[in-house]
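Provided herewith is a single structure, encoded as structure tokens, for subsequent inquiry.
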């Protein structure tokens, strides 16, 4: 896709997905595939690191909406970390902070998973 | 005016006016004043050096049109030198090369004055 | 500009619109809003008006004047029937595992003025940001 | 954008228009042409429509779409009576020591399409450059 990629990184029992680039209706399928892969691996503890995510449209948000119920039903969660302010504003505008843990750093997200053990 | 200025430089018997910046309906009065000053000084052999002239509108061309007859009637001339290609194109579009000596360098213009002696 | 009806070109549209929004001196936040809403509107045209079908055209025009920055998006697809539209509820959408339903809401929230028009076979969405006209004092 | 009726603001207008012409991907030469013609048209509005009087307003709007780049310049001054206009002759103008008379000619030569309209108290000049729409292939 050129302008979007997902990096995989396992931290203990937590799968970290590091997003890079721009997440729109074209690239959303990449994130979808990445989360699908986590599910296939039985990996439901997921952190999405947005440090290098420069843009998100509603199609990107839609990926989180589509998977969160299922992931939580499996005892896992999708936690969102290190968003750039512009990107955070989009999550915030739509009320995502009420439904998702959105934290400043990946470590904080790890910490939240640890507390939930 | 900020974005336009005229430098004066006497080369032997020829007055060189070095234009700098953008010559439009606002700044044309500066060039007008400069040529007026040449006239007041009885200096009718004039070279306009356009090496640092980045823009000219018809108001700038108008200054040349307004003075050329009079200057020539006094035995002098206004020769135009070292225009940037974009600026030359404007002179060219309006047919100025038929009425004015427009040359590549100031030295060429000096040379033309010398030949006319 | 004109793009084919594929999400592949959304990025190109965003860049185009951002360039003009910056050239028009919109504040940074307004630039972001315009960028996002044009993306959402074009996405909707591609996915709904053209049902995700390639081979159609989406036209994007920009109008800049003293008081506003307007982007007009035109298509020849299915008109948007707003009578069937209702405001989304994020809790319900996620409960149902929906992957969408926020685009129109975002457009309405972030733009100052939004118009949908259909004339003949042409649908047009007009997205407008007003701007402070403290450009230059008269005098 | 809107500027007061003073030549002091011509430079600002040129910069504004050039920014958008570049953002619209016009070729360098077309950018120069648009810049110059907008300057000439605004100069004419200030000097003729408003008779050089300060305190009036000149409105500049830009429309960019897939096929063209248009600048609309609006004033509330004296309409341009084109029936009295005749093409300039440089030899005659210089012989007579005239300092002007080329602006309208330049506009006609350099723009692809020029329209003058007066509706009520509003005069509008529309300057258009067409562009090659080999933007993106459909597919």
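The chains carry the letters A, B, C and D, assigned in the order they are written, with residues numbered from 1 in each.
Convention: a contact is a pair of C-beta atoms (placed from the backbone, for glycine too) under 8 Å apart; a residue touches a chain by one contact, two chains touch by 3 or more.
Values in this document were obtained by computation on a predicted structure and should not be read as measured data.
The fewest steps needed to get from subunit B to subunit C, moving only between touching chains, is 2. Subunit A and subunit D have CA centres that are 51 Å apart. Annotation: 26 Å between the Cα-based centres of subunit A and subunit C.
Centre to centre, using the average C-alpha position, subunit C and subunit D are separated by 30 Å. Chain pairs that touch one another: A-C, B-D, C-D. Taken together, the subunit B residues at the contact with subunit D in this complex read 3, 22, 24-26, 28, 32, 55, 57-59, 61-63, 65-70, 86, 89-90, 93-96, 98-99. Only residues 1-4, 9, 12, 16, 19-20, 22-24, 54-55, 57, 59-66, 72, 133, 135-139 of subunit C touch subunit D when the two sit together in their complex.
Across the interface of their complex, subunit B is touched by residues 6-8, 10-11, 14, 32, 35-36, 39-40, 43, 46-47, 90-91, 93-95, 97-103, 105-106, 109-110 of subunit D.
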